[in-house]
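Take a look at these structures.
One chain, chain A, links the two complexes that follow: it is found with chain B in the first and with chain C in the second.
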Partner chain A sequence: MPVMQGKELRIVGFLCNWCSYGGADTAGVARAEQPTDLRIIRVPCSGRVDPLFIVKALLNGADGVLVSGCHPRDCHYSAGNFYARRRLEVLKRFLPVIGIDDARFEYTWVSAAEGQRWQQVVTSFTERVHALGAAPRIEDAKPFLKVADMALKPLRTLGTGKNAPLEKLKEAIKAKLPELECVIGWQKGYDDIHTTPLFMKSAEEVDKLVWGPLNVVNTANYLSQFKGKKVGIVVKGCDSRSVVELLQENLISREAVTIFAMPCEGTLDVARVNEKLGRYTIVNAADSDGAGLLVTVDGKKHSLAMEELAQGKCRCCTHPSAVLTDVLVGDAPQAPAAAPTPPELALLDSMGLEERRGFWRGQMERCLRCYACRNACPMCVCRDHCVSDARDPHWMTQEADVVQKLFFQTIHALHLAGRCTGCGECQRACPVGIPILALRQQTARAVEELFGGYKPGFDPAAVPPLLGYEVEEQNIRETRI
Partner chain B sequence: MRIGVFICHCGSNIAATVDCAKAAEIAKSFPDVVYAADTMYTCAEPGQAAIEAAIHEHKLDGVVVASCSPRMHEATFRRTVERAGLNRYMFEMANIREHVSWIGKDKEANTNKTAELVKMAVAKLRNNSPLTAKTFDVTKKVLVIGGGVAGIQAALDCAEGGVPVILVERESTIGGKMAKLDKTFPTVDCSACILGPKMVDVAQHPNITLYAYSEVEEVSGYVGNFSVKIRRRASYVDWEKCTGCGACSEKCPSKKTPDAFNEFTGLTTAINIPFPQAIPKKAVINAAHCRQLTKGKCGVCAKTCPTGAIDYAMQDAFVTEEVGCIVAATGYELMDWTVYQEYGGGVWPDVITSLQYERLLSASGPTGGHIVRPSDGREPQTIVFIQCVGSRDKSIGRPYCSGFCCMYTAKQTILTKDHLPWSRSYVFYMDIRAPGKMYDEFTRRAVEEYGVEYIRGRVSAIYPDGQGRYVVMGADTLLGEQVEIKADMVVLAVGIEAARGAPGLAEKLRISYDAYGFYMESHVKLKPVETNTAGVFLAGVCQGAKDIPASVAQGSAAAAKVLALFARDKLENDPQTAQVDIRRCVGCGKCIRCCPFGAIKDSEIRGENKAQVIETVCQGCGLCTATCPQGAIQLAHATDNQILAEVNALCR
Partner chain C sequence: MRVIRFIQSDGFPDFLARLSRNNRVLAPVVKPAGKRSVVFEQWREGMPVILEKTTVPPKEAVLPQCETLFVCKKSKNPDNPEDVGMTLGTVPEDASTTLPTLIFACRSCDARGFAVLDRPFLKGPFADPYYKARRARLAVITLTCSTGCNTCFCHWVGGGPSSPEGSDVLMTEIEDGFVLQAMTPAGEALLESSNLADGKDIFPKAEAARKAAWASLLPAPDLKNAQQKVAAVFKNEQFWREHAAACLSCGACTYFCPACYCFNITDEGDAFEADGARRLRSWDNCMSSLFTREASGHNSRAQKAQRLRNRVSHKFSTYPENWGKFSCNGCGRCISNCPVHLDIRDVVVNALAVEDE
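Our next item is the complex of A and B:
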């Protein structure tokens, strides 16, 4: 059913049954005249409102979405609105990154007695949406492809791990191996400039372990499938944060996992290495000079300097050494305390809303919907039960259109809010090189800004911000209507 | 599915601004709608009969009614469809009165909106499934927490109704704050004389088990089946043997023990019985002041006790009780008034609280009912009463009115005049709040018959004049001038706050509390004794400031709720609870972590951790559903698919 042309815009409201729906009733009983645009969906509690309902509406033609619940402390269910407040605030900060004006979404509190206030909320929100006009659809945006400038200066000197005490690490693993089902690490891949995961069960297999800037895979990705078994894992600093998250989510137990760590000197951005090397058939030789790799492919020599080709996350890395270890080999290097805005996110930051819509439209047209991003994500713990290909709940259709694909990326990013450690595996795994990490980085930034600098992946005992609340939130300014 | 849609005119309430016939016509085009009609009054008998007839005639398996708010008639129509053989959850409502016809006059827009709301309801209904309530047994026993007058009343009424009662009291005697009062307004009858018999009834009632000197340690379970662990604090006296003779107290050498019952206006012994009418009348040793327990030598009471009840090695003990309902009646405390530096911050001995003054007035108090100054024991000539000390004061974060201070101050001035006929009393007040029966008359009596001087204004400072008296400086806002009174004694009507530990108990009971620790009722006006946790009720000041009559009334009201609940042998749960798809659940426990009711537990199914919903505890908020990334836990009747269907009906 189309909206009334020229008269109405499409505004969707999610109202909690106990307070705001009652407030809207009270306004009706008082014959408080309101604009007719709003369509109300009754939910038990504002805490029931999954932020993804809102994104779903906004990506599919809603011009505005309004959520209203009981006033803080008045929640019929004690605390539902406290959780809602955090989650909806994160959403509010997320929407602009996909090119949606955050003014099109608002949440507020209206009690069952506040008929007048409800009238005022509906009127002013409708006026606001009308002032913004009909929402531009992402699929209609002019494609705008731009590449992030990854060549920013690393926070510390990156290297190739040439002098890392690999043999010592191997010895340590061998010493522990009898107690463990297996130890996860990396081995040489199909050629000298690729590695693949290694599952070490014997001393011979331990000898296959390699160390260096090609160890891009996050070993933590394989950890949760060993739940209930005793395993070891070799980690870089970033991988260790994923391990901490898995511990926090009770998906592995601390006693069952032995963490081997060696300080990381940076990893290469494989996509850009491939770009530099072009198509090749054979790698003749590969060596390291400490500052980069020297490779010969098809007889031609190339220098893969870390300075130039390291992954964006390595340039901003503040924790080259594992945050949680059982066996630490090598000395922990000095690392800077604060990181700048990562390059992918900085790129998005430099654009306006319209450009971002164009950007994501263009990028999403390239997306194959292969789900490599999901499969590579160590925090995508749903595995075979991802909502993206389920019928119950049926969040997405299987159409390969821009909206569905961007909605999937949003689902992933919002499910990771407060959980994503920024390991960048999603982006690395993307076969068409879409900078999807930016979406996760935006949720991580929102969480960090809103919840006292919280960063996931440091404290297994921490309460993740979106699974907790404060009665008085320090950084959330309430009631903008 | 075969869906029937009924668009209600509600007389002219809806039909005046909505073209109901047109909306019904549009509704016929919605998927699965096989029947649509507009009716005059759908909720009236003929309207309901028409729904039933249509269900039979058109073999409907789902019904949408577009009429008033579901908060008004959802229950009505659910019964209607149930009578016609449908499950009551195969029904949806579109609110086209409060949300459409009453708020806009544009008939075209209203009709369009009506059609859309119906479309959403149809879309949701297509995702509905029949739900059935489960029944479970009820343990017909009630726990009352707090033995003040509200708790006593609740306990007695429940016991009279034939329900076994567990009464838990933190202090060594029941009676609460009322037991400390001398007389009560507006009748000026003796508090002990009206409360005493009720306390004795508690002790003697065969249905009441009293745990004094005890606290609730843990609460688990749900309505009808709570399990409560109670800590019985060590009193160092075997109460089975203690006869309450008081011989121990007479002989105890630690005679400088602060007397909490007397609000620290006097001293007592380390082993004592708080007051003569205490129930249970049993001695308790104050471990911090007992020579045997602090220094390891003394043992006088053990030698004196004729029944050998003293046990210095006693430890806290725990008992677990199974109950079906809980009444919280934890009362209040006076706030810490010493934050008011202008009143001396607690330094001047003759500036006391109203409750301390109450003990001075009481015949069982430390002075035997003589009003004397704590500093020198002389009778005061001039007494100043200051109201709203810690009430209605935003500057110290206490904006609320403590409710009963206006009245007891009037009472105290009257009693003062009775005790000391030559004395003069002044009352500094903000407003006199005397809305109860006989209350205003009572305060007028204080002014008109007893000559109490009421001054409307606040006190800015109290300081000693160097000759044993105090200068009370204040403003008389009615005269618009400064007042200075030389007083022998100052009585502060200190505002109340929730009982110490009230929020902690609320967490155990899983009920809400406000910023000041007072427990939240389910609905301010219509459910004043219920909480949002089924089976937990409130009585007395724990819910908010109230006087004795209101506390007693609420105690009885809570008892009525308990008895009504226990009138049934089985309880039915609301089937709108969360349900776990164990195939999708990965056991990460995010839902467990944020469930406000502790209704989800970790359970092991075939060696894997899975969330399990305790259906009787789940209140149906759906927070878990919004939390679970894989959608493995779904709130019945508000599933992701149902809400998505509504979103999709609007946004394509």
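Our next item is the complex of A and C:
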């Protein structure tokens, strides 16, 4: 049905069956006058409201979304609304990064007896949305393309791991190999400046192990596929956080994994290396001077300085040494304490909502839905059962428009909220260079702010914040509407 | 000798503007992003063109990522709800169907990709009408490569830096300009209708440049037995497991391949609603587990090794069995775009080395 003469806006309400739906009913029975823009969807509990319901509505033309559940401590299922509160708070802080005004979304609590309160909630939220007007659509935004400045000064001097005791590491792996199915590491790839994962099963294979700034792939990605088997894994600092997060979520068991580590001196942004080298046929020589790689391609010399070409995450890296190890080789360097805002997110921070919509529209247009981003993520453990592929529930259509594509990125970012360690593999994997890491960085920042500085992947015993709750949340100030 | 023309290095904007009058001209442009990505976009006045090989091949010109095959609408008779009427709605038009398409600065490997797609879509028992409509109005101007690159291998698989297959015009850089050589009647018409200067006299320079490009390529292994050899390792599970160990099962190899053409058909929307229901055809890829999942839940290729085997076998053994040619043109995108740097060349070369049982 067309919206009434353009006077009404489209507002979607998710109301829990036990309290708020009853509250709305009470208001209705009492003939309490209320605006009619709201379309109510009854759900069993506010805890049933997946934040993606809200994003889906907002990306597909809703002007506002309201979630209402039972008051804290009154949940029919005891704690559904406590879980909801955490997720919805994260969502509120996420919406602006994709250019959606967070004022278009609100959650609140209304009991079945509070007909009057319901009237007031609907009225004030509707007024709020009317003040904002009809929601601008992402697909109508004017493309606004800007590139993050990745040449941020590193927190510490980065290097190439030239003097790392690789032979010692190899000996340590060989010693443990008989007990293990295999050990995951890196080997030389199709040329001297690209590496590829290595699965070591024999001493000869251990000799293929390489160490240095080209070891970009996060080895933790492969761990979950070895479930039930004892495996070893060689990690950089960032990879170790993924291992810990997998442990936190019981996706692997501590006894089944042996962690080998050497302190990391940083890795190269291979995309920018490729760009710097341009089109070449062969690598004639590759060496390192400690501060970068010196490579000769097609007879021409290039210097790939870490200072210039390291990945963004390495510039902000506070944990170059593994956070959990069984075998540590080499001395752990002095780790810098606090990280600045990562460059991708800093770029988004510098934009207004309209520019952000234009940014994502312009960037997502060239997404081919190849899902390399998803499959490169060590924490995307649904693997062959991703909602984006499902026909039932039907989250996404096969249409190749920016809304579908951005919605998938939102699914990934929100499914990773409180779990993403910022390893950056999603963005690195994207063949067309869409800076999708910014979305994950924003959820990570929201989680950190809301849950006492929590960072995923440090403590194997810590419960990921969105899998828990506190009755009195320290940092959540609910808006009273 | 066919029509040959010459264009000065600064002559492209005029040339493209002229072509754009009655064509949708797709030309390579750089997208600003942390990772250099070059894509084909519809050329418009003032758009800077870059003569680089693109990150995304131009196959979208004939096989869009997603297209609406038809729209269907249903209506109920208010007096008799059992009486449901069904009509076909109109498919929204876009530039890919209303205008002829011209690809500018394609590469030989990508142009040969169109020839790979043509066989199943046009030359089998049925011609695909959607593909046919776009393909019939496609013209390709290919820029011949002056060198190979670290991931491409066109000359292993029957092509080369100036292979003409799939191209209407071959364009070769010489000093201060480019020589354009028509390869098909469509290419001739295209060059004849341009106001470019004749290039017959300087054509030898283009020939020399093409020769030099060929000479610069690294030696290629002999793939004459590849079809049999890849077929022979089909049952060698160990072989495929090892080669697929690092594979992430994403679609970066297939969706960026100019010669992959698998698709999915789905229905979206509700036929009773104002816009109707849409039947869509969208890209699909054999590296995804869903590709072979049956309605019963059974999956004939549940493991990634089986899926990698399918991709490589289709390109080097089963497609050649049907059509006599590889369905890989050696563009190297599945290598350069792979997040873990897997190399299809290794798989094929290693299959050649497996001793027959």
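Simple rule for what comes next: the second predicted complex is superposed on the first by the 478 of 481 C-alpha atoms of A that agree within 3 Å, B and C clash if a C-alpha of one lies under 4 Å from a C-alpha of the other, contacts with A are read in each partner's own complex, and residues count from 1 in each chain.
Here, contacts are C-beta pairs under 8 Å (C-beta built on N, C-alpha and C of every residue); 3 or more make two chains touch, one makes a residue touch a chain.
Just so we're clear, the structure is a prediction, and the values are computed from it rather than from any experiment.
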| item | value |
| --- | --- |
| Contacts of A:203 with chain B and chain C, given as first, second, both or neither | neither |
| Chain B versus chain C as contact partner of A:57, first or second or both or neither | first |
| Contacts of A:398 with chain B and chain C, given as first, second, both or neither | second |
| Partner chain in contact with A:285 - chain B first, chain C second, else both or neither | neither |
| Touched partner set for A:25, first chain B, second chain C, both or neither | first |
| Touching partner for A:375 - first (chain B), second (chain C), both, neither | second |
| Which superposed partner A:134 touches (first chain B, second chain C, both, neither) | neither |
| Contacts of A:43 with chain B and chain C, given as first, second, both or neither | first |
| Interface residues of chain A shared between complexes with chain B and chain C | 383 |
| Parts of chain A lying in touch with chain C, wherever the complex brings them together | 145-148, 150, 189-191, 194-197, 199, 217, 221-222, 269, 271-272, 274-275, 279-283, 297-298, 312, 344, 363, 366, 368-372, 374-376, 383-384, 389, 391, 397-400, 425, 427-435 |
| Complex interface listing, chain A residues touching chain B | 1, 4, 7-8, 10, 12, 17, 21-22, 24-25, 27-29, 31-36, 39-45, 47-50, 53, 56-57, 60-62, 73-80, 83, 87, 119, 228, 249-251, 381-383, 385-387, 390, 392-395, 415, 463, 467-468, 471 |
| Residue ranges of chain C touching chain A (in the complex, touch as defined) | 31-37, 39, 52-53, 55-56, 64-66, 147-151, 216-218, 245-246, 248-252, 254-256, 264, 266, 268, 280, 282-283, 285, 288-290, 302, 335-337, 339-343, 345-346 |
| Sites on chain B touched by chain A in the complex | 69-72, 95, 97-100, 102-106, 108-110, 112-113, 115-117, 119-120, 510-512, 514-515, 520, 522, 532, 576, 581, 583-584, 586-590, 593-594, 596-597, 607, 609, 619-623, 625-627, 629-632, 634-635, 638-641, 643-644, 646-652 |
